[in-house]
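Presented below are the structures under discussion, each in the form of structure tokens.
One chain, subunit A, appears in both complexes that follow, with subunit B as partner in the first and subunit C in the second.
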Partner chain A sequence: MARHTPNGIVQAMQSLRISNSLASRPNIPSLRYATRKYATEVQPESATETVIATETEIQIEAEAETSMKTQKVKAAPAINFEKFNIAPARIIPASPSYFSGSPRFIDHVLRLEALQAKFAHLPIVDAAEAPRMAWLKLAQFRDFVGEPVPVKKYKSLLKILQSMNRIAPDMVPGEVRDSLASFLRPGNPYSTQHSPREVDEMGRARAKGKRKESTAVVQLVEGEGEVLVNGKSLVEVFQRLHDRESALWPLRCVDRLDKYNVWATVHGGGVTGQAEAITLAIARALLLHEPGLKSSLRKAGVITVDARRVERKKAGHVKARKMPTWVKR
Partner chain B sequence: MIVRQLGVRQSRQLLALSRRAPASSRFFSSEIPVDTAIQTPTQESIEPLPIAASIPKAQNPLHEVVQVSQAPQGKWAQWEKSKSKFNSLGSLTKDAFDPEDVIRNPPSPSDITLELLLASGTHLGHSTSRWNPQNSRYIFGVREGVHIIALDVTAAYLRRAAKVVEEVAARGGIILFAGTRKGQKRAVVRAAELAGAYHIFERWIPGSLTNGQQILGHCETKVVNAFDKELPDFKQDLADRPSVKPDLVICLNPIENVVLLHECGLNNVPTIGICDTDADPTRLTYPIPANDDSLRSTSLIAGVLGRAGQAGQARRLKMAEEGKLTYEPITVHELKVDPFTGFMPGTEGQKKD
Partner chain C sequence: MASAWCWSCLSRLRPTPRAILPPSAAIPRTTSAPFHSTAVQYANPVKKKGSLTQVKYRQGQTLRRKKKKNVERARPPAVGERKAQRKRIVLSNPNALEVEGMKDLSVETMIDARLRGSVLGLPVTMLDQLRAVQAFQPKQGWSIFRRPGTVMRRDAIEMGRLIAKISGDGEEAEKGKVVKRVLTGLKGSGKTVHMLQAMAMGFLKKWVVITVPDARELVSGDTSYTPIEGSKPTQYIQPNATSALLSRTVEANREVLSSLRVSQQHPALKDLKPSSTLEDLAKMGFSDAALAWPVFQALWTELTATSAAPGLEKDFQARPPMVVTVDGLAHWMKESAYRASDFTPVHAHDLVFVKHFLSLMQSGSSLKNGGMLLYSTSTSNSPASYSLEVALDQLAAQQKGVNVSSPEYPQPEPYSKPDTRVLDLFKPQKASGKEGILELQTLGGLTRDETRGYMEYFARSGLLRENVNEKWVSEKWSLSGGGIIGELEKAGRHVRAPAKTLPTVE
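Let's look at the complex of A and B:
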């Protein structure tokens, strides 16, 4: 458009020439701009407004003519000098990283990196001493930014967060604290401190143990060495001597067989699993009574959790790993 | 005197053995013990050192250190402050090269000199066997099997590119800085920040221009006025619009970004790029013959173009202050009308005016 070019004089001369030559012709909308006086009036939208409003205008004019004699015409509204401010000029991307395809994520990364560089001089503490933070999980983060962020990129963002989290807790600037807080998932799962288990007021120590598919819960009380498993005696439940030995091994190896009564409930799995689940449960309960026994129980191997489980059967195999016998044809 | 060794040395070998005096030997000192000014930290925080008190406060660099506040943040701030006071002591380093300088404070196009280009290593091309003969007019000669780019040509082309960037910025164009090589990130982001432009420092997603609706469709856009202030009233009119296309693309590593340049060519988007001796200059609208493998060279060129863009944006905003638009603005009608069908919302199927 001619009227926007800075070289105004030439354009003005040209437009004058055009308007002179076209003087005889009817008024063309595009030439109406030549009569403008102020650059601030540059409002091409007015052309469209007139186009849209032609029908209504005609109606209004018709009404005005009829009511001219009866009613006084109102004054025109005040001139809006701020029109240049409210006129749209361009459509531009909202973020400088628009063309990357994931602008919000990249903006977050750049902002965090700038913060990291800004406060790089602050003293840091050991990673173990830094407060434990529950950062957003990947799925939550994807919801948060609304973009499909790859795992690797989210990990690199977490690295920045972790390194900023290591700033000495009493020196953390408010800016850093706020931006770190925006990446935390709601509710702090690390805020609740689990109180260590203790012997209750009745003198019972309660502990759980697992082995294979079995789960055992043991209540250990000081007593004369009575043992009840699911309300039955030990001999009834475990017919093999080896199982009975292994179930009570934590008490036997530290000579406490006649000092505690055991009341155990166990379910799931087979006989060996149940016996060894009781072993672990008794050992843990015994530690509540006498924490000093930990090293000898550790040496006896009764507080070590055996996390092995049955391996699943695979397709194409007879069992978990066994292959069918090879047949020539 | 300190008696270092009580026993008589037995042999020459032992004599030759240079052992450090054990810590206990200081207790064998024959001198009279003197009280040294050792103070516990708690005392230090309460009353200043006797020596420090004798020096007037203005001259004493330890003045801040002595008055320690209790809050750790304040303590740290004072420690930093006192450290900065000591920075002025000692020898001064002048004209030292700071690799951060070209990113933090890049030179403007008027600062381009052949010395600066030479110092930044922009003249170093590739091995002669890898050359693209189309670059022969930019090549000054061969040295140790490597092509040397003519610096006067580089300077001229860089100035021309800076002019282009400035004019595009002054006309409200959308400029995209692309540098996808490792280490170019900061220079690219900084240049885009200066020029009010856009940046891409990771992989260019193929189809961002040719298939923009699919790839950039979800990215936010905004309507701004002549002063670049957002106009939130038009937000709902932006829903079904084609994605924004850049008006100028500046590519720091054109060899790796063939797809980007191809898409720019398809969409008639002019490109500026650093054209090393092995690159194809015909892929770029405004090539800048220079070394694209050195980060120092690419950051310098990105910085110069960023500064040019900054000048252009400043000019555009100044014109807007005077009420002049340097470009054809989008009209309300264009915003309201459906870009694909050409109908106003709610008038689908009716006769178009």
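Let's look at the complex of A and C:
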């Protein structure tokens, strides 16, 4: 009766914890389940058993000799343990955790715990100094093992992985490195280094900005204060003076309006959103040219991103929050 | 299970001892809801509603409403007064300061490159002429200054020199040339004012100025129209519009027209005396609208005449060059609001008035005595005309030197059904003799120096209370989309309340 109950898994986990609660505790092989290499009930021939067997054999032979001497009966041929003439009584699973709810997962845990115990003596580094690893996400891990692994248990597995990851990088055994690598997301995202943006060889600084639904990309070059938005004049795009002023505000507030030319593309959203998206993009592009302006631009309020978006409409409401008018009946 | 009765209600059931202070007689004891948990008897008495509900004995119960008092209101303005208000042009503001040392536009100053960026006043004597040809438009901001003036930007000085050359100052080869231009540019870039400057310069040089201040009026179906019998396809005369054009022309060019005498035979005009002046000729048109079109044709042949007809050479004087301006070209590039007798729309090019002014674009039939033709597009009042867009693109490409047969030459989109009459009008021309080809002139913004001069004019007129310096000017220049003059004007006239400085204790 192997019922896939959570209790069974919990017990399995607890038993594992008990056996391995202390990493420093030496593991006595005889106390652990011996790993099986084939799926039969018959135990593999261990050295002691063969010794015992030979002893009994000797005893039997001695007795047989004495009896032969007395009765002259021919003894049965010696049992060949290498070859059975009968099939095994029942098939036994390869994994000891077969009857738990998630055998593959538990196998992984057992393997990792064994490794952890094996290399517990290696020096470890501080958690901050350990290399940053992108472990499989829970959903990815579930796909990887093909079992519904609960969150909490995956966290416990991650804990083991993290502690193994803390082994001093120059002393990590190949075995550990390989097994840790099997839990990494493909294409380690932390392996790539972000290069900081710079003004390119043509003297252009490129930056993006967003506000409401609008996205703006600005190319800022040194110039005389000419502005083109989507290939059009600023006046054509923003008919309201306020929008024009807010679009060029980062240049205006640091007196750089006649020092740079702006070439912007902007799409999405409305007029105000587009103007303010350009504001943000210009400010970021300006920082590439002159990083020292950051504090004054921050004071001008053009560095802070306004991440507000339109609140979604709710069911039963007229708008996001508005309720329908109360009617008596 | 919990009881349906609440404890307080049950306790109320029991005979309770009387309150020490019994409720006063003024508060009536309500016993309608004895088991209710609220103490009704201590609540305030229900207030009586207004007198409407209180029905008195032997009183009618019909609904009575107060009658609305008839508020005496001012009478609405008389017919046409609102439009007059809307179209009124104020050219002076006595509250504005007079700018010291402001020069007038004159024959000398209009070609002076040193005055570039300065504002030149329009001569006071010329204002009536300019008003007559409707050179001023409402909402151009004339009313905020002491007197009307225009900036001498690069295009204006270039035009001034051109007009001087055509008049015959300088080389003989340039005299009597015809310059034809289509003006385009962003909204507020000064296209109409550029035409005003052309008219003013024409008046200074004693040219004849003929204008169509609003092309829309001729195609919007507002003025009368009559078909010309026997014309095929049927063409239409607009007698009243022609009459108005004649009266404008006479009013503005009286001095020139009265000095010129009739030099051609006009069989259509029986009443015309052979010794009459061109002013008399034109006057015949606006006294009788039915004669307006033949009179205009006669006037035009007189003004473009290079020599007198046999027998009339006695009083012949050389005719002056002309400035012809049309504002709002796009209206003439589509079907008009007029209908033919079979209710099909009449194309604008079938109106002879329109056709006459458009035909001047084409080579051969243009101004014979030289002059300047200016057609301006509009960005605020322009109907969508795809064909005109394509035609102007083609014109720009021709100007760049793109070959007509090359693939870069802009063509209308396939299946877009462009108006072939419009495209034919802008077909590439060849310069013949003194007649130039049609050019496209795109007005951009002012330069920084011109901007500075213009903004200083605002400051000196007392409208602008800012310190006009390099920094401020360059800020306004950028904000106005690169010196678009209409936007600069808004920046200049925008009155800001000066920041109040707190009194300091010393």
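Rule of thumb we're sticking to: the second predicted complex is superposed on the first by the 185 of 329 C-alpha atoms of A that agree within 3 Å, B and C clash if a C-alpha of one lies under 4 Å from a C-alpha of the other, contacts with A are read in each partner's own complex, and residues count from 1 in each chain.
Note that contacts are C-beta pairs under 8 Å (C-beta built on N, C-alpha and C of every residue); 3 or more make two chains touch, one makes a residue touch a chain.
Everything numeric here is computed off the predicted structure, so don't read it as measured data.
Enquirer: Answer with first, second, both or neither: which of subunit B and subunit C does A:S95 touch in the superposed model?
Expert: Touch partner of A:S95: subunit B, not subunit C.
Enquirer: Would you mind checking which one, subunit B or subunit C, touches more residues on subunit A?
Expert: Looking at subunit A, the partner in contact with more of its residues is B.
Enquirer: Could you look at A:D255 and tell me whether it touches subunit B, subunit C, both or neither (first, second, both, neither)?
Expert: The second partner, subunit C, only.
Enquirer: Quick one: is A:I86 in contact with subunit B, with subunit C, with both, or with neither? Answer first, second, both or neither.
Expert: A:I86 contacts subunit B only, not subunit C.
Enquirer: On the A-aligned overlay, A:L288 touches which partner chain: subunit B = first, subunit C = second, or both, or neither?
Expert: Touch status of A:L288: no partner.
Enquirer: Look at A:V125 in the shared chain and tell me whether it touches subunit B only, subunit C only, both, or neither; answer first, second, both or neither.
Expert: After superposing on A, A:V125 lies clear of both subunit B and subunit C.
Enquirer: Under the stated touch criterion, which partner chain does A:L115 make contact with: subunit B (first), subunit C (second), both, or neither?
Expert: Touch partners of A:L115: none, neither subunit B nor subunit C.
Enquirer: Let me test your reading of the model: by the given contact rule, A:A168 touches which partner, first (subunit B), second (subunit C), both or neither?
Expert: Touch partner of A:A168: subunit B, not subunit C.
Enquirer: Counting only touches as set out at the top, which of subunit B and subunit C does A:E236 meet: first, second, both, neither?
Expert: Touch status of A:E236: second partner only.
Enquirer: Applying the document's definition of touch, where does A:A134 land relative to subunit B and subunit C: first, second, both, or neither?
Expert: In the superposition, A:A134 touches no partner, neither subunit B nor subunit C.
Enquirer: Based on the A-chain superposition described above, do subunit B and subunit C contact any of the same residues on subunit A, and if so which?
Expert: The answer is that subunit A has no such residue.
Enquirer: In the complex of these two chains, what residues of subunit B are touching subunit A?
Expert: 72-73, 76, 80, 172, 174, 176, 178, 189, 192-193, 197-202, 204-205, 208, 215-216, 218-229, 231, 234, 238, 241, 244, 246, 319-320, 322-333, 335, 344, 353
Enquirer: Please name which positions on subunit A make contact with subunit C in the complex.
Expert: 225-227, 233-236, 241, 244-245, 248, 251-252, 255, 257-258
Enquirer: For a test of understanding, state which residues of subunit C touch subunit A in their complex under the given definition.
Expert: Interface residues on subunit C, with respect to subunit A: 186-188, 471, 474-475, 477-482, 484, 487, 490-491.
Enquirer: Could you list, by residue number, the parts of subunit A that touch subunit B in their complex?
Expert: 1, 4, 6, 38-40, 42, 44-45, 47-49, 51-52, 84-101, 103, 106, 110, 121-123, 146-147, 168, 170-171
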